[in-house]
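Down below is the structure, laid out as C-alpha cells.
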Amino acid sequence: MSEIIRADGRTTDQLREITIERGWSQQAEGSALISFGRTKVLCTASFTNGVPRWLTGKGKGWVTAEYSMLPRATNERSDRESVKGRIGGRTHEISRLIGRSIRAVVDTKALGENTIVLDCDVLQADGGTRTAAITGAYVALADALAWGKEHKFIGQRATPLIDSVSAVSVGIIDGEPMLDLAYVEDVRAETDMNVVVTGRGLFVEVQGTAEGAPFDRRELGSLLDLAEGGCRDLAVFQASALNPDAASTAS
Amino acid sequence: MSEIIRADGRTTDQLREITIERGWSQQAEGSALISFGRTKVLCTASFTNGVPRWLTGKGKGWVTAEYSMLPRATNERSDRESVKGRIGGRTHEISRLIGRSIRAVVDTKALGENTIVLDCDVLQADGGTRTAAITGAYVALADALAWGKEHKFIGQRATPLIDSVSAVSVGIIDGEPMLDLAYVEDVRAETDMNVVVTGRGLFVEVQGTAEGAPFDRRELGSLLDLAEGGCRDLAVFQASALNPDAASTAS
Amino acid sequence: MSEIIRADGRTTDQLREITIERGWSQQAEGSALISFGRTKVLCTASFTNGVPRWLTGKGKGWVTAEYSMLPRATNERSDRESVKGRIGGRTHEISRLIGRSIRAVVDTKALGENTIVLDCDVLQADGGTRTAAITGAYVALADALAWGKEHKFIGQRATPLIDSVSAVSVGIIDGEPMLDLAYVEDVRAETDMNVVVTGRGLFVEVQGTAEGAPFDRRELGSLLDLAEGGCRDLAVFQASALNPDAASTAS
Amino acid sequence: MSEIIRADGRTTDQLREITIERGWSQQAEGSALISFGRTKVLCTASFTNGVPRWLTGKGKGWVTAEYSMLPRATNERSDRESVKGRIGGRTHEISRLIGRSIRAVVDTKALGENTIVLDCDVLQADGGTRTAAITGAYVALADALAWGKEHKFIGQRATPLIDSVSAVSVGIIDGEPMLDLAYVEDVRAETDMNVVVTGRGLFVEVQGTAEGAPFDRRELGSLLDLAEGGCRDLAVFQASALNPDAASTAS
Amino acid sequence: MSEIIRADGRTTDQLREITIERGWSQQAEGSALISFGRTKVLCTASFTNGVPRWLTGKGKGWVTAEYSMLPRATNERSDRESVKGRIGGRTHEISRLIGRSIRAVVDTKALGENTIVLDCDVLQADGGTRTAAITGAYVALADALAWGKEHKFIGQRATPLIDSVSAVSVGIIDGEPMLDLAYVEDVRAETDMNVVVTGRGLFVEVQGTAEGAPFDRRELGSLLDLAEGGCRDLAVFQASALNPDAASTAS
Amino acid sequence: MSEIIRADGRTTDQLREITIERGWSQQAEGSALISFGRTKVLCTASFTNGVPRWLTGKGKGWVTAEYSMLPRATNERSDRESVKGRIGGRTHEISRLIGRSIRAVVDTKALGENTIVLDCDVLQADGGTRTAAITGAYVALADALAWGKEHKFIGQRATPLIDSVSAVSVGIIDGEPMLDLAYVEDVRAETDMNVVVTGRGLFVEVQGTAEGAPFDRRELGSLLDLAEGGCRDLAVFQASALNPDAASTAS
C-alpha cells in the first residue's frame, strides 16, 4: 500500500511531521503546542479546584473541552464566532468530540471534585485540526493532573489517568486509503474518517463519513488499520513529550 | 445472539415497531410521520425553486436539514432553544448528520437549481431520534422530488435520487450487541453507534462512541453486522410506504 | 345570518370540524392534540413540584405557556426562531395570551407550590392557531392537575380548576361577521377578533383588531355574539374529551 | 358614575392632565413629547424616502413603530433590553399595537414609496404608556407627513392621513369602571382594557384582559363607553397641538 | 486665541449654552436633564441598598453607568441596539468611560454596601454627548447620595463624595484648538479629545485621538488648557444646580 | 528617574524584552508574533481585493482590526466571548483603538479599493497586550501591503504607508512614572496611560486614566516623555524586523 507517494512526499501510511512543545504556556497548569505538519494547535488545560454546582457533593470531577480556530488560521479569513454572536455547528461538534475523547481516559472519581477545561485553539490549519487537538490535549491534561497532585487537590494514591489517547484522520482518495490527510487531500477524499484510539489500542470514537461515495466493510477495515498504526506512532510522540529522558530509548 | 430477550420483549437483532405515515402534512411537498416504537418524528420536505445566492448559476441543487425536539418530547421538559437564544451542540450535530446522510443519495446536478429543506421535529422521544429522522426524511424527500418533477422544476429524464438511505442505532449493553436502542437501553450502553446505510448496503456514516468502555475491532464488527441487518429491514418499510401497492408483496 | 355559505361549506356561525385527541403524549402529565379543521396543535402540560425561586414560600403555584410553530406548519416554510436566535413578536404575544387565558381559570393557591408549563406547538396551521392552542391547553391542563392530585402534590380537597376556558376567532369579511376563520378567510377579514370565554360564559380576553377598516359598536356586538356561541360549543367538545362516558349524553 | 373621587382627585370618567409638546425634537421630521399625568413619552416620526427592499416597486409606503422604556422610567430600575440582548414580549406586543393603530389611519398608496418609523420612548412611566404613545405618535406622524409633502416626497394632492387616532386605557376597580388608569389603579384593576379609536369614533383596537375576574357583556359596554368619551377628548388635544391657532376656539 | 468666531457665534474658548434641570425624574433617587447647546441627556441615578453578590461583605459600594442614545437623537435614525441584539463598541466604550469618571470621585467605603446605577440616555445629540453625560451624571449622583443619607443607607458621618467631576470635548479644527465641539465641528476636527477633570482641577481621563493628522506636544498642551478652563466653568454650573441659593453669588 | 529598579530588574524607562517573529503564519499575507516580555500576540493581516459594499466606487480602501484573547492567556481562565454570545466592552474598545491607530498611518486612497483586516490574538497576557498588538499589527500590515503591491492590487507608484506606528503603556506606581507595565505593575498603578506614536514622533492616541488618584499636568508630562522614548525604541525593533539586513546597523 505504501508505495504511492503523496504530494508532500509521504507514503500512504505515514504521518506528517509531528512536534509537541510541552509547557508552551506559562499561565496554564498544563499546555502543549502541537503540530501535525503545518497544522498548529495550542492546547491548554486549566485546573480548578471544585466542580460546577450541579455536580457538587458527588465525589466526581469534571472534564470538558472547547475548540476554536483563529480567524486567519485558514487560507481565507473567516469571521469570528464571537462577532457572529453564535457558535457554529462544526465548532460545537469538535468541542464535544474532544471532550468525549479525553473523558474516556479519565477516572473522574480518582480526579475528585476538580474541574479541568481543555482549550484547543487552532493557530494554523492544514487539515486534521481536531485530531491534533485531541492528541495535544492529552499532553496538556497529563501535566494539569500532575499539577493537581503536586498541589494536593488530587489524592496522592489516586490514578485519574487510566490510559493515553490520541487521534488521527484517515481517508480514501482515488480509491486509496491514506493516513493523516493534509487539507488538499481532505477536500478530495471520497471518505473521511476520524479515529480516536487509546494507548492500549482500543477505539474511543470512530467517525466515518462518505463525502463522495458510500463505502463498504472492506474499505472501512483498511482505514481502521491505518488509523491504528498512526495512533500507535502518536502515542510514542506523546510519551516522549511527557517523559523526555525516556524518549531517547523510545525513538 | 438473538436468544436474549430485552425489557420490551425484543430479541437483540430486532427493530422496534416501525410505522411510517406518509403525506402526514397537507402543507409540505413531502412529509412522513415516522415512529420507531414510542419515538415519533415528523419529517417534512420543503421544495423551493431556486438556490441560495452563493450557489446560483452553478446548475446544482441544495439539500439541507434541520432537527429539533419539542420541549416535552422527553420525560422531563427541556427549555426551547428559541427561548435560550442559541442552538445547542447536540442539535447542530444531528442536523448536520441528517443533511450529510440525505445528500449522499441525491445527485444535486440532476436536482437542478432547486432547494430542499428537510425539517425533522421530534414529537416524542424514546431513543434513536436521529436515526428515525434520517429514515423518515428519506420518505419525505422522495415525495418532494416527485412533486418537483410533476411541477416541471426537475427535468423529466433527471434521476436526482440515486439510492435510498436509512439509519439505525446499535450498542453494547452488558457486553451484548443490540439493535435499535430504546432510551432505557441507550443510557446503559457502554458503546453506542449510529450507522447510516444506503439501500444498496453501503455505509454513509459510521459514528461509534465509547460511552463507558473503549471497544475493539471484533465488537465493532458485531455492531456493524446488526446495523446492516436493521437498515435492510428499514429499507423495506420505506419502500412499502412509498409504494403501498407493491408493499403487500414486500411484507 | 347563517344563510351565507362559506368556501368550505360552513354557515357563518359554524365551527370547523373539531377533534381533541386527549393523552396524545406518553411523556407529558397532560396532553391533547387538537384540530380546528386543518389547524393542528399539540398541547402538553408539564407538571413540576415546586415553583421558580422568586415565588418560593408564598404558597402559590405558577402556570405559564409557550407557543411555537413548526417551520413547515404553514404553506411556505419560515425560519426557525431558534436558528434566528430570537423569538418574534407574534410568538411572544400569543404565548402571553395563552398564559393569561389559562391562568384565568386556575386558583394558584389551590394549586399549591407547583408549576405547570403549557407547550402549544402548531404542527399544521390553517388559521386560528392561538384559539386552538388555548382550547387544547385547557384539556392538557385538566389532566395535569388530575395527575398532580393523584400524586399527592395537590391537596385532595383543593380545587385548582375554577372553570373551563376556550377560545375562538371571529371576523368580518365583506361586511359579514363569521365564526372560526380559516386562513383564506383570515387574510381577507376587515376586522379580526380573538375571544376567550370561560365555561360560565364570561370573557377572559377580547382582542379585536381592524385589519382593513375600523369597526363600530354594532359590529363589535355581532362578533361577540358569534364568539360566545362558538365557545359554548367548544366547551362541550372539551367536556366530552375529558369525560368520554358522559359525552354521549352531551352531544 | 362620576361621583366617585379617585386617589388623585379625578372623577371616574376624567382623563389625567394631558400635555402635548409638539416639535420637541430638532432632529426628527415630526415629534411630540406627550404626557398623561406623570407618564411622559417622547414620540418621533422619522421620514425616509424609499421603502424596504421587499416592498419596492409596489407604489406603497411603509409605516412601522418601536416602543421602548428607559431603564429608570419606572419606580424600580429594570435592565435594558439591549444589555439583555433580546426584546421582551411586552415590548414586542406594544410596538406591534402602535404600528397597527397608526397604519389604520394612513393610506399607504397616498403615502407613496416612503417609510415612516415611529419611535415611542417612555421617559417616565405611570400607567397608560402605550395609549400615550399612540396618541403622541399620531401628532408626530402628522408633522412628518407634512414635512414629506413640503419636500415633495409625497404628491401635493395626496391625502395619506385618512383620520386621526388616539388611545386610552379603561378598567374596572372594585367593580367600578374608570378611565385612564394611573399605575396604582392599573395594578388593582380586575379588568384592564386598551381601546384605540379614530377621530370619527370607530374602533381600531379593543384589547380587554381579565386580570382578576372575567367580565360580562354589560361591563364591557361600560368600559367602551368610557373609552369612547376619553378618546373624543384626546382628539381635541391632538387637534389643538397640530393647529394651535384654532385651539383657542376648541378649548 | 478667542478672536475667531465659530459658526454658532462662539469664541474658541467658549462653552455652548449649558442648562441643568435637576430632579427632572419623579421616579429616580437623583436625576438631571442636562443640555450642552442642542445636546440633551437625561441622567438618572438609581440607588439600591445592597451590592452585587461578588462584592457582598466587603464593606464597599458599587457605582456603574450605562449610556445609550435614542434612535432618533441624531440627524439620521439609527437602529436600536435592543433590536440588533447587541451593544455596539461605541456604546460600551462610553458607558465604561462614564463609570470610571464617576467612580473617581466616590469613596466606595464611605458609600457602604449600596449600589448606584447611572443611566445616561441621549434624547438629542449634537456632539459632546459623553461629556454632557458625565457632567449631568455627577449632579444625579450627588442627589442620589443625599437620598441615601436621608434614608439612613449611608452613615451620617460618611462622605462618599470626594470631589466633583465634569467633562468637556476639545479639538483642533483648521489648526485652531477649540472648546466644546458641536457635531458639525466634531466631524471636521483633525484631533478630538475628551477630558474629564475634577472640581480640584485634576485629570481623571485624557482621551485624545488623531482623527485626521497626528498631533504634537504643543497642540496637546493647548487642548488641555482649553479643557481645564471649560471644566472650571462646568463645575460652577453643577454647583449652581445643586445649590441654587448660593448660585446667585457664584454666577 | 531610572535608578529605581523594578521587580523584573528593569529601570523605570526600560522596555521589557521585545521580540518580533515576522511571517509567523504561512496562511496570512502579513503576520508577526510579537512579545513584550511574557505578553505574546499573534498579529495577522488579511489582504482582500475589494471593499465592503458601502465603500464601493469611492476609490478608497478599508482597514479594520479585531482583538481577542485566548481563554487561558491569563492567569485565570475566562469564558470565551463566542460562548457568551457577545463581545465585551473591553474587547470592543481595544479593537477600535488598534483600528484607529493603524489607519492613522495608512493613506486609504493610495491603498485603492482593497481591504485589510488585522487580527490580533493574545496567546499569552502579562500586561500591555493592546500596545503589543498595535506594534505587531504594524509589521503585519507592512508585509500585507507589500504583498498587495507584488500582486498588482496596489498601484506600483502608490505609497499607502505614510509612517510607522507603535504603542506603549506608561503608568505611575507609588508616585513614580514607569514605562511598559507588566501585569503586576499595571494592577498597582495609580494612573495608567496608553500612548500611540508614529515613527516621526507624533501622537496618534493618548489615553490616560486615573485608576487610583487623579493626576496633574506635570505627571502627565513625565508619562508622555517616557512613552515617546519607548516608542522610539519600538520603531527600531519594527524596522529591524522588516529590514533584517539593515538591522545590524540600526541596533
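Points to keep in mind about this one:
Note that the chains are named A, B, C, D, E and F in the order they appear, and that numbering of residues resets to 1 at the start of each chain.
Here is the rule we use: contacts are C-beta pairs under 8 Å (C-beta built on N, C-alpha and C of every residue); 3 or more make two chains touch, one makes a residue touch a chain.
Keep in mind that what you see is a predicted model, and the values were worked out from it rather than measured.
Chains making contact with chain C as well as with chain E: D. Counting steps between touching chains, the shortest path from chain D to chain F takes 2. Rounded to a multiple of 5, the C-alpha superposition of chain A onto chain E involves a rotation of 120 degrees. Of the chain pairs listed in C-D, B-C or D-E, the one whose interface repeats that of E-F (more than half of its contact pairs identical by residue number) is C-D.
The mean-CA centres of chain A and chain C are about 52 angstrom from one another, to the nearest whole unit. Mean C-alpha positions place chain A and chain F at a centre distance of 33 Å.
Taking each chain's centre as the mean of its C-alpha atoms, chain B lies 60 Å from chain E. Shown for chain E are the residues in touch with two or more other chains, namely 85-87.
Interface residues of chain A, counted against chain B in their complex, comprise 86-90, 92-93, 95-96, 100, 104, 163, 193, 198, 200-210, 213-217, 220, 224.
If you check the complex, the residues on chain D that touch chain E are 25-28, 31, 38, 42, 44, 46, 48, 66, 68, 70-75, 77, 80-87, 91, 117, 119, 121, 123-125.
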